[in-house]
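Data block below; observations after.
Which chain is which? They are A, B, C and D, in the order written, and residues in each are numbered from 1.
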Amino acid sequence: MTDTADFPPDDFDDSYRHETPPAGWLSREEIAAARAQLPIVYVDAVPVRVDDSGDVVAVGLLLRVTPEGQMTRALVSGRVMYHERIRDALLRHIEKDLGPVALPQIPASPQPFTVAEYFPTPGITPYHDPRQHAVSLAYVVPVTGDCQPQQHALDLAWLTPEQACEDTVQVEMHGGQGALLRQAMAHVGRLA
Amino acid sequence: MTDTADFPPDDFDDSYRHETPPAGWLSREEIAAARAQLPIVYVDAVPVRVDDSGDVVAVGLLLRVTPEGQMTRALVSGRVMYHERIRDALLRHIEKDLGPVALPQIPASPQPFTVAEYFPTPGITPYHDPRQHAVSLAYVVPVTGDCQPQQHALDLAWLTPEQACEDTVQVEMHGGQGALLRQAMAHVGRLA
Amino acid sequence: MTDTADFPPDDFDDSYRHETPPAGWLSREEIAAARAQLPIVYVDAVPVRVDDSGDVVAVGLLLRVTPEGQMTRALVSGRVMYHERIRDALLRHIEKDLGPVALPQIPASPQPFTVAEYFPTPGITPYHDPRQHAVSLAYVVPVTGDCQPQQHALDLAWLTPEQACEDTVQVEMHGGQGALLRQAMAHVGRLA
Amino acid sequence: MTDTADFPPDDFDDSYRHETPPAGWLSREEIAAARAQLPIVYVDAVPVRVDDSGDVVAVGLLLRVTPEGQMTRALVSGRVMYHERIRDALLRHIEKDLGPVALPQIPASPQPFTVAEYFPTPGITPYHDPRQHAVSLAYVVPVTGDCQPQQHALDLAWLTPEQACEDTVQVEMHGGQGALLRQAMAHVGRLA
């Protein structure tokens, strides 16, 4: 899992660079310690375009280049802060990655379509994050506004559900996000 | 259950009055026969207003007067036609009851928050419809446009989730729709 | 979709052969008429074996031979009768296909993991049934007892989730049940 | 929320008293620090008895006495450990509270019926925990074996869904668990 708020990857408290951290936010050392000892609460959002009947017509994937020069595709993903509601974390991460006028339709219900358990040890679940044990609540989120890749993303590509499930796309996703994307497509009835 | 497309109640094929019925639609007699022998597929929609974080701030209920002069409140509800997708039936019934510019956000996923089984015999489930056995897929549907009550509805009232769960509102709902409304509020985390 | 209660395919009211039909059941002609004009309520069940933690370890698929001699694999599937609850229909069809001591754990919640819309016209949804428009509520159902294929099934094969998602298995499933099976595996976090 | 693994309430790592803690477990001080700065992953389980059709016939509530002598009723609830799967945490907490032969049917799917967000500040959500910000994945879990209250619980009472929703029961539940219980009953179609 690439924490989209979290690039370079050792910078956990993502807003830290942009504003004065509120009292009570963890230092880099404290976060590193917590990460080694507690599961961390995350959200994963699959941004989609829908037609008037709600049918998914496109899926948005972020394109990034790793420090090693590898192209990767990613979902919107990030940590839930202390004293932050799930729905506010979803909104914050989507605006952070897709820009302030993406106009996401945050789900009315907190029921996720699945829970992705990213383990530091590969193979226990389909999800893997070498940095931590993250428990991520996953949602499909329609966006209706203008989306622009932010921060370290090179591009935001819109693919059809069929394209998003293709092997060529799946191999560019990491930590099990390819599987999570296909689960999202299964949930909306568009698994190819 | 009051079929919102279906008032007066013996008029089953709701669009029949407004346009030429497509070939293959059932006559009133055929529908009456089918209703006595097969469960009928329905959708129930709970129209809501949400804030930017997706949190429900208001629920829309249709106000009607029965032939006996009784005031009733109802959800958007109606039959799924032959060869019609669930999502298209949801869109059709919402536009029929709330007007053409209600701008509903039809869910991307076909997974309903519950299935309401309206039985002709009271007491088997919380739902009752003396006319038929209806199996209704229930969804919470945010609407963002201008909503105007249509056809036989006197008014569309927007209540807070707390008001919608109050006894004074619940007693004006029939066939178990009050219970269904509270289930919807439970699903969005707003059960009072 | 092969109605597992429905073999040979023109025999709709499945229990008809085995017992005296209750008053109000449809004749073959009446069912044929209804099928041409109304969506029919169905259930699909994906029988699974789970371990102590609820993790799916095997999926049960029915093996049949079509009149044309083709081998097919199928889920448990069948119609919901008039005045029958969804949960009772699930139990009835599982016992009919897997035998009386399959000991299924029927879900406590009526919320299905998806709704499969089988259309008589191919291509509108991933599901297709040339005989009818069926709206099928789909559930994953753990079974703990001894399962024996009944009626026209040759065998009940237990596959791992990975095997069940393989192309060689998927091509033996019809009407979109392969897609539905993979959606079920996505829902339980075991999509391969 | 009463962490059922967590009595007296300053003892966070619940298994600490019973066995040698694995390397990497947090000290009491470290947990206190993390609790003040990160949301903590929890599970809530609503233990139920079901009939052959999966319909809920009874709900199990733990009866405890607080240090102040107040009687309280509680769901099974507790923290998810580092490197522990959700389903394993559910099993562990149910066995810890209901005994080793409760025989819970852990859900095959990780999709919870809701996510209860317990905030240290009351009023932000329906859930409140003065000790921490907990994000709790909530499941209805049928149990089929012999259940015996463990540790600090005085009793395990089985109530009908209707009784469980009554005001007299609801007032004995704390931190919003009464609301969560009613959401569970809504999810299984038994909200009274």
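Here is the rule we use: a contact is a pair of C-beta atoms (placed from the backbone, for glycine too) under 8 Å apart; a residue touches a chain by one contact, two chains touch by 3 or more.
Remember, it's a predicted structure, so these values are computed and weren't measured experimentally.
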Taking shared numbers over all numbers used, above half giving same and below half different, the chain C and chain D interface sides are same
Cα centroid separation, chain B vs chain D, in Å, comes to 35
Chain-centre distance (mean CA atoms) for chain B and chain C, in whole Å, is 28
Chain A touches at least 2 other chains through residues 85, 109-111, 113-114, 125, 187, 189
Contact graph of the chains (line, ring, star, complete, other): complete
In the complex, chain A touches chain B at residues 48, 50, 52-56, 85, 87-88, 90-91, 105-111, 113, 140, 142, 187-189
Residue set of chain C touching chain A in the complex reads 114, 125-126, 179, 182-183, 186-187, 189, 191
Chain D partner, complex, touching residues on chain A are 24-26, 30, 33-34, 36-41, 80-86, 109-115, 117, 119-121, 124-125, 133, 135, 137
